[in-house]
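Chains: A, B, C and D, in written order; residue numbering restarts at 1 for each.
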């Protein structure tokens, strides 16, 4: 009866989910932040199916992790109207390229996103980026993308610009 | 050198720009709130050209206002990569239909958006809806749309569902 | 075992507790906002005993209401280490004078506070004013006070400055 | 003409002023955060005279630093209606004891405060603690205090409870 799109939301960790340990004074990854962010958004167009796959700083990801995320995204793409992957930005592009290599053009759009500033920070980009990924996955053609900072880029050929803290097309791609 | 899209942002007023007059205890429309919202977003994909056209509660809009907004959107569509119109939700659909009638399919996407809860409220949907409109206008095919609450609908045939406070397809459209 | 002070918190309504009805576009008084504000504060010095007495815009208060609040504050002062009264600002001073007339100098401090901008607004003064009242009630000498906008004034002789939206000493007092 | 109290606000650094470096993913001390916090408060009772003395994580403070802060607070106490010192919590109590040893009972109240969670965090205690210090300094008797987490404690005999992240009376004091 509903015309909402069913979107699989695969979480893998990263800055977006980091919380602040006031006693140690450091930022750490903990569960459930993503659910808090989702609760602040009004999501009339989508029904979200949450898949908490891992909770890692992406700098700690192994080759096996990248492949696992890619295969999970591929499996979810078979059964949903779209797939969003929340990922640490440091190695988000590695996973994006991996999905593209393993799946080619998927049946439905797969959109990766992340954040440079955790949700617990006042000036977080988590809400914005998640909003963008959840909108982009509804309207893009099938393919593998990153949506972040009001910009959508299609894999392959995407890299992180570490100086500016955002994603850009790879030189020559 | 930049590959940013140039987006015309036409503001017309509405809830998104309302501020709170603490002495009178009411919500009013004032200028510049939109600039504050924009400053909180990280907009790497777009260069925004601001066009403050009017600042009205849409319930106060006349037939001439709807037509003026439509013609302005049409003119901006000739010279930019996309057009976003910020509009009061009560009569947003009237303007959307008007644009569709007057322009047919425009050269670039024209995306209308608004808010149910002003930016000055903690639980505002202004940031989310503006984020969505600015992303949608980059990736949609030419046409006239509303983007709000993580849902994109194309005109004609869109109405406001006043009970739920959001936009839906008109029955039978 | 604890050395926390036991503070009675009497709520009577007012701007501090107003919420926004997005469908009607107006601000209304609803319950439980005060509990949300309290949950955002770290209150190590006090144990709060909540007494929801009424939930009124103070402009709607009757003579009986002012007297009821005064008598309740007096009763609570007998059994607690301090009393805070959350009150609409429009007639807060009427209640403050009433308490002073009926009780003279109470056994423990009674501190009234309120807000000019509801908690649901981004720029609310509710958190600040409640923080101040809960601190002032611990350190002041017995008496009747308003604590708001980082200022403490003792009754009698306090009036609302309606132009500036804050409390001041009455001329000549 | 004004009856505002003139309060010297000495800043020394600490968590309250830490900002988040998104590229390195760490929290650092930077200037001017305190001015942002002050701008969000409505301070009708005080006129603040800012004295940025140093900007240090208090764990890095030397004996000379503690003495310098104490002497500066003492000098400011001669010429103002009160003194607030913003300080890292790790060694705040060392500075508090130092002031007490060097000055005994100062001419006006000297109130130290800090924060466990930086202002840039959503759930910061910076606004609350600064509000409390600025109110306490107006109403307390001359002496040296810490005001934080809705609790006021007088030096000497105050220590940080590192497990709970707050200040308490020293055992036996």
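Note that in this section a residue touches a chain if its C-beta (ideal position, glycine included) is under 8 Å from a C-beta of that chain, and two chains touch if they have at least 3 such contacts.
Remember, it's a predicted structure, so these values are computed and weren't measured experimentally.
Trainee: Looking at CA centres, what chain is most distant from chain B?
Mentor: Most remote chain from chain B, centroid-wise, comes out as D.
Trainee: Rounded to the nearest whole Å, what is the centre-to-centre distance of chain A and chain D, using the mean of the C-alpha atoms as each centre?
Mentor: Whole-Å distance between the two chain centres: 41.
Trainee: Give, as an integer number of Å, the spacing between the C-alpha centres of chain D and chain B.
Mentor: 46
Trainee: Please tell me the distance, in whole Å, between the geometric centres of chain A and chain B computed from their C-alpha atoms.
Mentor: Roughly 27 Å separates the two chain centres.
Trainee: Could you check chain C for residues that touch two or more other chains and list them?
Mentor: In chain C, the residues touching two or more other chains are 123.
Trainee: Which chain pairs here would you call touching?
Mentor: In this structure, the chains touch in these pairs: A-B, A-D, B-C, C-D.
Trainee: Going by the contact rule set out above, which residues of chain D touch chain C in the complex?
Mentor: Chain D residues touching chain C: 3, 40-46, 123, 125, 127-128, 131-132, 134-136, 138-140, 147, 149-152, 166, 169.
Trainee: Quick check on the complex: what are the chain D residues that touch chain A?
Mentor: Going by the criterion above, the answer is residues 15, 20, 22-23, 25-27, 116-117, 119-123, 162-163, 165.
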